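Submitted below is the structure of interest, expressed as structure tokens.
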Amino acid sequence: MSSKSRFASRPVKKVVLAYSGGLDTSVLLVWLRETYGCEIVTFTADLGQGEDLQAVHDKAVRAGVAKDHIFIEDLRESFVTDYVFPMFRANAVYEGCYLMGTAIARPITALRQIEIARQVGADALCHGCTGKGNDQYRFELAYAALAPELRGLAPWREWDLNSRESLLAYAQAHQVAIDANQDDKPPYSMDANVLHTSYEGGILEDPWAAAPDEIFTRSVNPADAPNTPQDLVLTFAAGDAVALDGKNMSPAQVLAALNDIAGRHGVGRLDIVENRRSGMKSRGVYETPGGTVLLAAHRAIESITLDIQAAHLKDEIMPRYAQIIYDGLWFSPEREALQALIDSTQQQVNGEVRLRLYKGQVTVTGRRSPDSLYQEAYATFGADDVFDQQDSSGSIRIAGLRLRLAAERKAKR
Amino acid sequence: MSSKSRFASRPVKKVVLAYSGGLDTSVLLVWLRETYGCEIVTFTADLGQGEDLQAVHDKAVRAGVAKDHIFIEDLRESFVTDYVFPMFRANAVYEGCYLMGTAIARPITALRQIEIARQVGADALCHGCTGKGNDQYRFELAYAALAPELRGLAPWREWDLNSRESLLAYAQAHQVAIDANQDDKPPYSMDANVLHTSYEGGILEDPWAAAPDEIFTRSVNPADAPNTPQDLVLTFAAGDAVALDGKNMSPAQVLAALNDIAGRHGVGRLDIVENRRSGMKSRGVYETPGGTVLLAAHRAIESITLDIQAAHLKDEIMPRYAQIIYDGLWFSPEREALQALIDSTQQQVNGEVRLRLYKGQVTVTGRRSPDSLYQEAYATFGADDVFDQQDSSGSIRIAGLRLRLAAERKAKR
Amino acid sequence: MSSKSRFASRPVKKVVLAYSGGLDTSVLLVWLRETYGCEIVTFTADLGQGEDLQAVHDKAVRAGVAKDHIFIEDLRESFVTDYVFPMFRANAVYEGCYLMGTAIARPITALRQIEIARQVGADALCHGCTGKGNDQYRFELAYAALAPELRGLAPWREWDLNSRESLLAYAQAHQVAIDANQDDKPPYSMDANVLHTSYEGGILEDPWAAAPDEIFTRSVNPADAPNTPQDLVLTFAAGDAVALDGKNMSPAQVLAALNDIAGRHGVGRLDIVENRRSGMKSRGVYETPGGTVLLAAHRAIESITLDIQAAHLKDEIMPRYAQIIYDGLWFSPEREALQALIDSTQQQVNGEVRLRLYKGQVTVTGRRSPDSLYQEAYATFGADDVFDQQDSSGSIRIAGLRLRLAAERKAKR
Amino acid sequence: MSSKSRFASRPVKKVVLAYSGGLDTSVLLVWLRETYGCEIVTFTADLGQGEDLQAVHDKAVRAGVAKDHIFIEDLRESFVTDYVFPMFRANAVYEGCYLMGTAIARPITALRQIEIARQVGADALCHGCTGKGNDQYRFELAYAALAPELRGLAPWREWDLNSRESLLAYAQAHQVAIDANQDDKPPYSMDANVLHTSYEGGILEDPWAAAPDEIFTRSVNPADAPNTPQDLVLTFAAGDAVALDGKNMSPAQVLAALNDIAGRHGVGRLDIVENRRSGMKSRGVYETPGGTVLLAAHRAIESITLDIQAAHLKDEIMPRYAQIIYDGLWFSPEREALQALIDSTQQQVNGEVRLRLYKGQVTVTGRRSPDSLYQEAYATFGADDVFDQQDSSGSIRIAGLRLRLAAERKAKR
């Protein structure tokens, strides 16, 4: 009994498929029906990926999915409010650079997929991630944490359609509607949401070859950006951005607005080799225009409002927190514990940050807050009354005591 | 008995003064002689600050220092080789941003100051740092760790000359040679070496006011940088940069060359509010052109040559390591222990990184290495032979086991 | 102007003194009145130290303190509920061993002292800690965090009474009531509360000399403990002990009851050299009978109810958390942030632990919980249905992938 | 094609089997020959498990293994020198308690197994660990790190002999020599080496049921231990124990001698529920007599010779280091990096520790060292000349500055 048949041998009654409408999940839809003879429910989350969701709906209908089995939902506000912003409170970057725009998008999709499965009485969940990447972990670990009673299907690890050609052949054989421009599909894979767009695979697989400029979709080449810098002011409340240039906005609105401005100035491109969860290295190219601005601004507002030790503690646990999210463990006790730590530090993270965007760069040029801990009276090197410099003498002597004792030991030996 | 007189009441025979030749240390020189009636030895380290060292020499002579008591030494190679590069192996940044160009320069100065003190039979060391900043910790903790038998003098915490006006008055009263252009001195304080130039105090003390463009001395305004990007290739061996565009260079040479190029492209400016060792917040503006390129390049070469877990471990201990250096604890068991950890990971950090400089930005565009752990055969989303996607199933199910058990517990309650 | 007179030169109107009734604070009381001519308010916290509080009251009266200026309060329940138990949720030990019975007692005393100061309109706070130990940090950092507007007085760092003889002379000269048995005072210093008793100084200062058996006051010598072991069962709810042998108890009650039993069995003695906050090493001998049992029991109940990653995260941050408390930073953003992390993991830490006490040792012999994550069906090495051993193959191969790639690199070079 | 046949379908020429001579690996030997028709080489490491190695040899001969294919080697000295002692330098315990006597024994066995495979030209390695435990990770991750070119066989995850009964039936059917007393085998599994003996499974699977006293093999019940305590003195050099009661010994000798003494006093029993690598909880009972003494002694000698910050850093990274070893990653860049950190702190960890063993307990009663950092002159609460208590004032005020600033902010709002 092969893996595949072993897989198929346990019956599935009704499955909720995370459905993008692209070739892959369209083939999945057919394959699931063929393999299991089960009812198919599709779920498409609008996270700001900018696709034509009516077209996705129509495609599902054409693929024979019952209309009341097609779920398409706008989750943008929840995505930014409950996932993106909490992550930014941590200043989270993976491996020093990556803002994790893909990793942070999977938990909400998996969660809603599970809720729909319970609503429609499904017994299985299915995603379209390959068996080599990170996303399979992110979906299936969310399934494990939230719905262990539901079966998780990962056809990419099971079937034989392991190349683009075989996929297309299967699609044709099963009359899967293929976009006219399928053959124009770019020679790399993409993923997008309101936080970022990612590019990997295909022509990007040589890490020495520069990423071609034409792949980018959300930002201009810095060389083509305006010759005049643009200044903007972000307002924070309790660690979250709440207004742009004085105009109050919802989380998704502020991120979208930042995307527009930053993209126009070529801000937010990133080209890295990262370590995947599965231990292989992978080249990824990212565009995160608004997020790049948001990170710089959040660090800046923290710089005047956050206590030094709270700030250093956050910096020390950040890499761990980022790895947890990257690895697909958003719904885990350790992420929740670290989030409790992070959130407990953000109440006073209020105020304004001024930033300048120019030719791909974002620079902080000012920060102020009613909750500022910065006090010119202390910081100044001019004369002051608030600080007794003699205190430093004692502080240094105490700090150096252990070093002197060790040096004396050394001298003695 | 006042602090000052208590201070002075213990005699000093011969003191080695860290001497820059500026107004502050020139006054110090006189004050030391007046207060202690002691012999003065001056030590000036050339760390690439770009000052006229002959002028410093002449000034010391005019101040009455015996010629064989004037030590001026070019420490640039040792500075970059033994301090800057080890620090960059850690990708060290303080509070997410600051490359610590000042903090890393103090240990070598203090060390050499001590060696000279032993050579000339001095019984005291003196620095010219104020009692509110970080540098007093850096000098005096080095003194404590390396020479507890020598007395450390910190006149700024002792005397009454706590404003610019009183300093100038003292200088005039004691005929300290003042540069003609003393009154033209910029309204902020600066510190420079081959790694960076810092600006703080004075007109920079309002963290909402943007740093004026005219303060910068090592980089052009990005708006004035060339309209054409410049690509360069850095070669690394065992974690250190050893060649630029294929030309082998010493550590100090490669950093100086990077400074030139990066400065021309407006790369390396930073404007932050940081937490000083003493708990107050301080606004600092920095120019670190070459170092900014070096950090990006080092991370990039690590990205293909360093094991994931070694890389993550380094990221997790980095904030602690950076704080240790910032706090003046270079010569400490904990810095040495962390350095042993860091250095043990760098043997395979060999290869080349291509970077693009443009209008203030540095971007990595390629990386390659004979020691690369990146393998296209594994990373590809195309068909492959080396990776059994079934392995992922097991890996995910094991990773999710604890989450399923917890979810089942929750469901049961 | 000497330090002392400088100190005294700023007038104090009314001071709240942390008052134990012992020689030291009795002298302090007189010294404060002499030095400042200020009103004195005494505050004595009953934390279970087992002293005669009526005698303390009478002594204050005899020393001339107005009756409505004498505050003696039983804080035992709050002490255990709000300080000891939160600390035990973290399994906190300082330097691998010490349960921090002194460090955890200072914050509540300082807090209540401050509240009383505000109530009576005092402008200063005073403690009786020496200038070499940890407690001065604990009191004064609490003052700084909670009442920066109040002046903190630390006479031990200011006056000249730096030996026992001078203290006694001062006491006699000022007619301070000295206990008849003052001369019988043990040749070391002690501190006690419901969590522990500490012994340090004097004859304990030689770390090679064994602590004499006669110093111990709360536990029998293990050799004198009963020859029959005693079993007990502790019940936990949300990480806190709530019942002993099935009998519900308040936090202070359960700790007191554990103290009784454990003390009878010689459990909880500790003899260490620890690193004080100020960098010197200090020999401390401790008795923490109930706390020693509580720590073992809490770890045991966590062992079956806490997720592995939450548990490991707690273990990794514990040393930092312990140091924060030891260093006197209970009232700090970093302690609060870590507490938020810790507390977020304790909801399911419910159940029972059976322990055996015998001749100084406490051993866990059983643990069970309605929230147990332990599942015999998974753990067994016998045949089982719930676990597919094939999953391990994949898990191991994925875990080893990076190692294989590195080994292949090594082989190639 | 089933997993098993897929497994068998790739031919094996010659395999090195980690062979204990027990039923399991005896059956493995036959099964390997049957399944692969391959040559069998057996390797048995003497790590101090106390088995009759001549009997193991004879059993292999009777099973048809060529004499020059039977490798039995005494690795005790290397085991303690190169694995146990480096681990103890870190004070490593897993999950607060477990001394990892099993985890630390696998790397050396795997390493030597690989060396033999290369020597005899084998193309495969085989271990006898089940698919649910930790040891499979430890063997196979060592194989991955050191010999990716060799195939690792894990028959327990492949075959159908998944119960004791089926194993016995297979053994009988294939005339595997079974010890006469096979049916007397204890109803739990054991593992032993010079560091520890472990017991798990079977009757121990109920974590509420106390471990029966009769399982223990290396220590007396504390109740049966001598009524007179025994004192001993351990001498350390560079962090390792080098002498017992003044008598120099090799690493394996000192551990063996400690085992004898500690076992006689009932020291070193542990009963825990631990988290396995695979996410399930498991009850383990351990006897680590000598190791328990060694850990206490190493902490004690560090307490007087190690710098506070080095000690705290070690404590903070220890849980991570322990997990790495527990998870089977001894041969990994991260273990090596942490070991470099740990080892860099041990040069001055020299001196003597006196310990008392009594009825199951080990207590430190004294420590001294030519490299001691403990200085009575500093630690004393009596009068002293070396420490200026005024320094503490400054130290505290600086430490509290950030707290005062935050409190003032709070008051203002």
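The first chain written gets the first letter, and so on, giving A, B, C and D; residue counts start at 1 in each chain.
Keep in mind that, in the parts below, a contact is a pair of C-beta atoms (placed from the backbone, for glycine too) under 8 Å apart; a residue touches a chain by one contact, two chains touch by 3 or more.
Predicted model, so just to flag it, every value in this text is computed and none were measured.
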| item | value |
| --- | --- |
| Chains contacting each of chain B and chain C, listed by label | A, D |
| Which of C-D and B-D has more C-beta contact pairs | C-D |
| Inter-chain centre distance, chain C versus chain D - centres from mean C-alpha coordinates, in Å | 33 |
| Gap in Å, rounded to a whole number, between the CA centres of chain D and chain A | 40 |
| Chain B and chain D: spacing of chain centres that average the CA atoms, whole Å | 42 |
| Residue list for chain B, restricted to those that touch at least two other chains | 275, 278-280, 307-309, 320, 332-333, 372-373, 375, 378, 387, 390, 392-393, 395, 398-402, 405-406 |
| Contacting residues of chain C [partner chain B, same complex] | 1-2, 307-309, 348, 370-373, 375, 378, 387-388, 390-395, 397-399, 401-402, 405-406, 409, 413 |
| Residue ranges of chain A touching chain B (in the complex, touch as defined) | 3, 91, 95-97, 130-133, 136-137, 140-141, 143-149, 154, 156-157, 162-164, 189, 200-202, 205-211, 222-223, 227, 229, 269, 271-276, 278-283, 299-300, 303-304, 308, 311-312, 315-316, 319-320, 323, 331-333, 354, 356, 358-361, 363-368, 372-376, 378-384, 387, 389-390, 392-393, 395-396, 399-401, 403-404, 406-408, 411 |
| Chain D residues touching chain B - in the complex, by the definition given at the top | 275, 278-280, 306-307, 309-310, 313-314, 317, 320, 329, 332-334, 336-338, 340-345, 398-402, 405 |
